[in-house]
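What follows are several structures.
In the two complexes below, chain A is the common chain; its partner is chain B in one and chain C in the other.
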Partner chain A sequence: MALLEIRDLRVSFACGPAGGGRGRGAGAAEGRARAVDGASLSVEAGEVLGLVGESGCGKTTTALSILRLLPPGGRVDSGSIRFEGRDGTVRDLLAMGEAELRAFRWKEASVVFQGSMNALNPVQRVGDQIVEAIELHEEVEREEAVRRVKRLFERVGIEGSRAKEYPHEFSGGMRQRAMIAMALALGPRLVIGDEPTTALDVMVQAQIFRLIAELRSELGLSMILITHDLSVLGEVCDRVAVMYAGTVVESGSLGQVLEAPEHPYTRRLAASFPRPGGERRLPESIPGEPPDLRRPEPGCPFAPRCGDAREECRETRPAPRELGGGHLVSCLGGRRG
Partner chain B sequence: MGRDEPGTGAFALFRRSRLGMAGLGLVLAFAATALVGPALAPYEPLDFGTAAEVLRPPSREHLLGTDDMGRDVAAALVAGSRTSLLVGLSATLISMALGSAVGIAAGWRGGLADSILMRLTDVFLVLPWMPLMLVLAALLGSSLWNIVLVIGLTGWAGTARLVRAQVLAIKERQFIERARATGASGARIVLRHLLPNVFPLIFANTILVTAVSVLSETTLSFLGMGDSTRPSWGMMLHFAFESGAATSGALWFVLPPGLCVLGLVLGFTLMGYAFDEILNPKLRRRG
Partner chain C sequence: MRRAFLRRLLGAALTVLGVLAINYFLFRVMPGDPVAMLVRNPKMTAEALARTRASLGLDRPWHEQFRSYLAGLARADLGSSFIFKRPVLAVIGERLLPTLLLTLVAEALAIAGGMLVGIVSAWKRGTKADVLGLGFTLLAYSMPTFWLGILLVALFAGRLGLFPVSGMLSPGLAFAPLAQRLGDVLTHLALPSITLALVLMGEYALIMRNAMIEVLTEDYIVTARAKGLSERGILRRHALPNAMIPMTTLIAMSLGFAITGALQVETVFSWPGLGRLMYEALKGRDYPLLQGIFLVTSVCVVGANFAADILYRYIDPRVRD
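== the complex of A and B ==
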């Protein structure tokens, strides 16, 4: 099987009474918002999967479910997340007990967090934080762990001696490199990058992506790279999964999804990004807004904003269709101009 | 950003605060007196003098005069600094330990535990603490350690609220989530990641609570709840009041203990505010 297989995942969050914000009509019942509503995706060993979609579409929630790191109020309602460990055994991550889970985290799958300035403890030396992560999982002498941190630092392009410094003594790019070093400390099979370059300037972004590309060819890393920026996908990804309103609407190879998008949402998303060297035109926006996750509709979640929606689209939720070559799309409509 | 690393620059900033350093000087002076003073004083603080030595004004033999029982005021004052500091610091230790534990437990666990602990805290906050202390002191008996216990047990509620608020803020920071992602257990996250980030606040609060504890000890002793085998400033004021020293003009008996209480409390308060200003950049003056 694939390294990671998420099947029909549903995650909801407790939320107060609807009414304000985007709630339709007054007096909507207190309930749960379906942040992830039947998402399926898989990651093969050695592959980088780009997970794209706009804010609030469930990218991060899906990814953090893998480590069972949902914030308070969040709950996995159904589905399965199967992960193939180093020893070849396949486990359902949703069925793990607390101790098993702690042993799994970081050793098998680690995360490069969004704003790494906040992902490092401000009052602990950067090196010590990585040593701590190593010691949580392996019986190593402290000196050996410290040597390993030094090597990791040098690998991601930071002088080893700076492991003794505190996070505020690092620049934003260095902190992100240190975070990557920490993510690699235990040689995990899967690294989740949650918008790893969002808070960085463009030059540093490029450096970080070059580093990620180097590391994956060197270590054969499998990654999930979460982003809302389509332009970064091409740099490092093999495959792309597009999420909308908690479901994966389209997935396939980079070429399939970006060059020949089949789902109307993917097409509109691609059109909203300017292409360097393409014809000069203003990026298009998508009319309407994402659906209220507290009140799921029976049909296709994109139907209200889709120019091609038919009656059927509002009533039946489309199942993923295979278009050949691993290209999956969840849309009832055929190819349309 | 400055808020994020209070541990690194706080003491350097403190040294630049003139009032804070003055407070530190006052506290250190009293601490030195408490440590070596009793050994140097020529009189025992509890030794009664002869009838001729009762309520004598300052002289060469008795630098600050004698009290209504002929005891040397200076010796009692020096011994009193030891009592005040000992009770003040020990009671603060109890308050801070209790307040921090309740605050961290409430903030970290949240939910029902938070509600129960905070209602308990509210009760201690609104209870009139002076009568409570008097009742407790009367019930437990007035030994030195009972006084410590009474002050410690009534003074933790404010700290608990403060610590809880800080825990709530830090708990949402991403490095806590990251620590969990690395496989750290809840207890480990609290001890290694949460506590070090709450500690500067606890530290600054400790100094202010010490000032209050010293004052509480003086108050209890003044009201006659003190340990009669240990001379303290409050007890001196108690005897001065009872013997009518102030009205009879024996100011050498009244003023020194009063000024000592003022000096020590002021020292702790100045230090506390200096730290408060450092840890709360909004209060920091520019330039």
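== the complex of A and C ==
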């Protein structure tokens, strides 16, 4: 099987009464918003999957569910997340007990958080925060752990001596590098990058992506790279999964999804990004707005905004359809002529 | 670092000097004549009154009085108390220890208890433990100190007879062996220190709870959890060190005021401390003694702030340079 397989994941968050008290409560689970609504995706060993979609579409929630790191009020309602361990055994991450879960975190799958500004503890030395992760999972002498942190720092392009410094003494780019070093400290099988370059300037973004690409070919890392920036995908990703309103609407290789998008949403999304050297025009926006997650509709979530929607689209939720070569699309509409 | 230290020290010294001058004149514009308070004999002749006034130095012009006060201060001479007829320093000195004993024990209890309640409340916020812990501390916090003291006396000293009603040492034990005296002081200490601790605890618990709740929403808590830390480990290694930053300020400030903050408790329990001494000095218009107490208080408050400033550099690396 694949390294990671998410099947039909449903996650909801506690929130105020549905419909703002207008008394239309019968629809969803009461007072809960469905942030992820039947998402499925998989990551093969050694592969980088780009997870794209607009803000609030459930990218981060899906990724945090893998490590069971949902914030208070969040809950996985159904689905399965299966992960193949180093020894070839496959475990359902959603069924793991507390101790097993703690041993799994960071050792098998780690995260490079978005906006690393606050992802590091401000009153602890950066190096110590990485040493902490190592000591938590491995029986090593402190000196050995410190030496490893130095090597990690040098690998991501920071002087080893700066491990003794505090996060506020680092620039944004250095903090992100340190975060990457921390994510790699235990040699995990999967690294989740949650918008790792957001809030960094373009030059630093490029450096970080070069680093990720290098590390990836060097270590054979599997990654999930979350982003809302399509231009980022081409730099490091092998495959792409597009999310909309809590479900994965299309997935496939980079070429399949970006060059020959099949789902109307992916097409509009791809069209809204200007290409360098292309004709000079304002990007098109998609009319309408994403559905209210507190009241999931039975049909395709994109139907209200889709130009090609038929009656059927508003009633039946489309299942993923294989188009060949691993290209999956969740849309009832046939290939348009 | 060294320069910052010296600059702050200088600032602290200047503050104490300013407070000194204000205190000096503050007492002299207060209504009430110290000689009249002292003599209490309506038939005393005018010459005798003038003589008393002169013996206290109150007949000289105010600037001369102030100058000799400052000159005395420079020699660590705070003058003589009007009512006790002894050097102010000696009078304050013998009251200092009981006050420190009472307030430090109470503060230690309050800080430990308040932090515990605050941490548990934040960690289990919205649960019964939160409501119960917070409700109890708020109740104690909003109760008048003297009222709480009287209630505790009525219950534990009066009805149950577990502790002595007042004072610091039972009469007749002044020459008893040290161990016996120590035990006796401890039983006397119980009620006043618990009263003071209960009153002080609420503030610590509230600030601790707020600080913890804020820290627990930070990204680095998610990072810690992602790394595989247990909930206890997250609390101890990531949440607490950050939540302690606002707590340290509060603790330092409270400790500065602790020396006279026990006025009500000392009065209710007849504890022979500085708070009660201040009350007596105020009633008797004892200028030198009042000035002395205020000087000690100011030095403590300013000193505590100074200590907090320095301590801050150790717990928050961001203010180090």
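Following the convention adopted for this analysis, the second predicted complex is superposed on the first by the 323 of 337 C-alpha atoms of A that agree within 3 Å, B and C clash if a C-alpha of one lies under 4 Å from a C-alpha of the other, contacts with A are read in each partner's own complex, and residues count from 1 in each chain.
Note that contacts are C-beta pairs under 8 Å (C-beta built on N, C-alpha and C of every residue); 3 or more make two chains touch, one makes a residue touch a chain.
Everything quoted here is computed from the prediction, not taken from an experiment.
Once chain A is used to superpose the two complexes, chain B occupies space that clashes with chain C. Once chain A of one complex is fitted onto chain A of the other, the partner contacts of A:157 are absent, as it touches neither chain B nor chain C. Contacts of A:103 after superposition on the shared chain: both chain B and chain C are touched. Touch criterion not met for A:296: it reaches neither chain B nor chain C. Contacts of A:56 after superposition on the shared chain: neither chain B nor chain C is touched. Residue contacts after overlaying the shared chain place A:333 against neither chain B nor chain C.
Legend: residue contacts after superposition of the two complexes on their common chain; A:118 is shown touching both chain B and chain C. With the complexes overlaid on chain A C-alpha atoms, the stretch of chain C that clashes with chain B is 6-14, out of 6-14, 24-32, 42-50 or 60-68. Residue overlap on chain A between the chain B contacts of one complex and the chain C contacts of the other covers 67, 69, 102-107, 110-111, 113, 115, 118-124, 132-133, 136-137, 166, 168.
Within the complex formed with chain A, the chain C residues making contact are 218-220, 222-230, 233, 237-238, 241-242, 245, 315-318. Here chain B touches chain A in the complex through residues 1, 4-8, 110, 173-175, 177-185, 192-193, 196-197, going by the rule given at the top.
Residue ranges of chain A in contact with chain C, taken from their complex: 67, 69, 71, 102-107, 110-111, 113, 115, 117-124, 129, 132-133, 136-137, 166, 168. The touching residues of chain A, counted against chain B in their complex, run 67, 69, 72, 102-107, 110-111, 113-115, 118-124, 132-133, 136-137, 166, 168, 182.
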